[in-house]
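Each of the two complexes below includes chain A, the first together with chain B, the second together with chain C.
Right after this comes the complex of A and B.
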């Protein structure tokens, strides 16, 4: 958590994370360069650079897309999510080197503006095999640029988390464009069953992980609760919630986290104000509900971040009867104090 | 329960043992996948040919200039032995812009003896010269050279692909096919002659400069046909060690198959 904006709020884990990113990228590039020039010494350096950085970027994109569902399926992967934006920016840099050198080599130094030439030097938009695949790569690069350049809490706050999240969900469109860019471009000429199978497996893995994670979450949304005479929802037995942890329920179309801590129960809206992290998958640490994604904290009894922080979430009223927890589906306004329920 | 109580907070240094184990697994797995992919992507690249572009080594070439219809320099190698060096401009431009200045001074350049300093591009018996500065062209004292007479070889049907010779003969690898198509289109639009590379053996040549039926240069009209398998028919002329194919662009047939030239 931070009050003012710095380029990077460094900590031990972020430094380790970035070292691993650099090591991984260097290992990929060195192996690619050495093998390319050993096996294929007549290749030009530009071709090898374009291929090395392009293939590296698409692989990193796969890893980035796998992190979200993996950490939803197993919270032990959450540390990889914590600094994902550095991985994203590194992937953009690899894609930018690929795209920049390709644009210079294939579209610059002519009589036409290189960016205009991307769209006009091959006009077979009606054909699949002859489609100008460069356009797809260029649009993907634009999306990745928008994402990389806004990968900072300053933009998250100023664009609003909803718009920021929407913008960053465009990564799926970028992924689709990149896959088509490769299949309608490189794979039309440099076809190998191994590389093609590799990317197909990548697509299947990413899609599979997202489907499994979505199925897991749909169980929470699909949970049916009975309503008593006063309109309160019966949610669960108090013993079903682990100490200092929460269970998530969908109440009046919203996900709500009911926390159990210090012999008390409190309920708050499940969505963290920072990046929309699932607070109900967090833990009560030092008396504060702590978001599993980036460690943003809220006090259980009023949904407010401890001073000097200012984030607030909706709070809910709870009732206990014979060990069964009931919740009033009508939440209070954000940051409203609600007396915790003793059990 | 013990396992669930592990909770990672980015700004707290301690990490649970189980979480550490999972992170190690993920990191080694991801780097393993990266290295495997690096091996596969690097290993399964198609072999590049020994074409060359001396981009950092200028060469001075002297010979007789002529345009039939594209600028060439006819260089004497020995008694009755000549080589026609196709002239190109810098980047994606033809040579015409670079010979403009000297043409204004001298008039018709055809048959004039010139010395040009440029960068050689060469592959499979063909040589081209990139001119990057019009000041590097100079007129030599009159040297009498027998006139170059194109000889007709009749009609020929060729299967192949149209490339820009600058990239194909050495500047880029690969300088053909779909990936290179846009570049080739920009090169040819910029004045570089279109060359048809034959994908099947024929009795005449692997390479044909393309011109229209009247023997005039072809640029804009040929653009939709570049970088894809084609069948092209036309009248072949031998011009020194190059061949010119006079074609009707409308009669070109696009073929539904993979490109198979190098």
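Right after this comes the complex of A and C.
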């Protein structure tokens, strides 16, 4: 949160993660170059560079796609999730170098426009085995450009979180295009079983993680609460919530976080206005509910960000009876003050 | 197929050319009208936003028009 936009939102932890990203990328590239020249000394330097950056990009894309479900399955992965934006931009740069050198190497030295040549140098669009795989890579690169270039809070705010999220969900389309690009490219140009095995293992891992995470979340959403005569839902015992923490419940189809702090209880909508982060996985810090993703804060009793910030979330009314918390499923409008429940 | 490719690439080029022109106007003027936080942001932030504005200009143009009206 701030009163202006920063070039990059760095803090001590983010700098550490960024150093790990850079060192990891460099280590991978060095290892790839050394192994390539040892195993295939006949390869040209351009080919090795193209393959090194291409394989680095697809490896990073797999890591990026795995971070979301892993952090839903185990909160220990959350710190990596907070740094995913920088990982995504770094992955785009690797893919851009791969694509740029490939276009220069294969299409820029002729008389035809290189972009036009990508689409027309191989016209076997009706063939499965000889399909022009470079087109798929080009389209994937366009999507990755769209995502990397809008990886800034300015776009999140001014495109609206819904549109921004929609654009960034295109990563799955980019992944499908990349898989087909590599699969067809490897199929047409080399017969190494390593590439195929990596792709299949990667696809199975990413699909499996998403399915397991979705199954886990469906169990939370499927929890049935008992309803009393006045329509309030019984949610849990007050002792089940740790101090300065929350528990998340699904109430009338919406996820709600019930926070326990300073001998009080408050309930707000679980979704942060910034980037849709799970507020219920955050903590109460300095009297404010703090989103675990990017530190956006809300006051527990009214769901409003402390002034001068203007974000607001829906608030809910709570009731306590014999140590059991009940919630009114009809939330108030965003930012409505609700007296905290003393326990 | 060649015709489809030509139409697609012409549309793509047109989209990016309009995006470039819009981005030049937007990052050095329109952005502040749309978002007050841009007023105190450094110039390098505007440069950083440039490629994203080229990519998403229809959304930002729509928001700018809505904001004006």
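Heads up, the rule we're going with is that the second predicted complex is superposed on the first by the 340 of 343 C-alpha atoms of A that agree within 3 Å, B and C clash if a C-alpha of one lies under 4 Å from a C-alpha of the other, contacts with A are read in each partner's own complex, and residues count from 1 in each chain.
Please note the rule applied: contacts are C-beta pairs under 8 Å (C-beta built on N, C-alpha and C of every residue); 3 or more make two chains touch, one makes a residue touch a chain.
Model, not experiment: these values are computed from the prediction.
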Partner chain(s) touched by A:31 [first = chain B, second = chain C, both, neither]: first
Touched partner set for A:123, first chain B, second chain C, both or neither: both
Partner chain(s) touched by A:74 [first = chain B, second = chain C, both, neither]: first
Chain B versus chain C as contact partner of A:6, first or second or both or neither: second
Which of chain B and chain C A:200 touches, first, second, both or neither: neither
Of chain B and chain C, the chain that contacts the larger number of chain A residues: B
Touching both chain C and chain B, counted on chain A across the two superposed complexes: 123
Residue ranges of chain B in contact with chain A within the complex: 1, 4-13, 15, 18-19, 22-23, 26-27, 30-31, 33-35, 37-51, 90-93, 172-174, 177-183, 185-187, 189-190, 224, 228, 259
Contact set on chain C toward chain A in their complex: 1-2, 5, 8-9, 31, 34-35, 37-42, 44-45, 48-49, 51-52, 54-56, 59-60, 63
Touch list for chain A against partner chain C, complex: 2-7, 115-116, 119-120, 123, 125, 145-146, 149-152, 154-155, 157-159, 163, 167
For the chain A and chain B complex, residues of the former touching the latter: 1, 9, 11-14, 20, 23-24, 27-29, 31-32, 35-36, 39-40, 42-44, 46-47, 51-52, 55-56, 59, 63, 70, 74-80, 82-83, 105-112, 117-118, 121-124, 129-130, 132-134, 185-186, 188-190, 192, 194-195, 198, 242, 244-245, 282-283, 285, 290, 292, 294-295
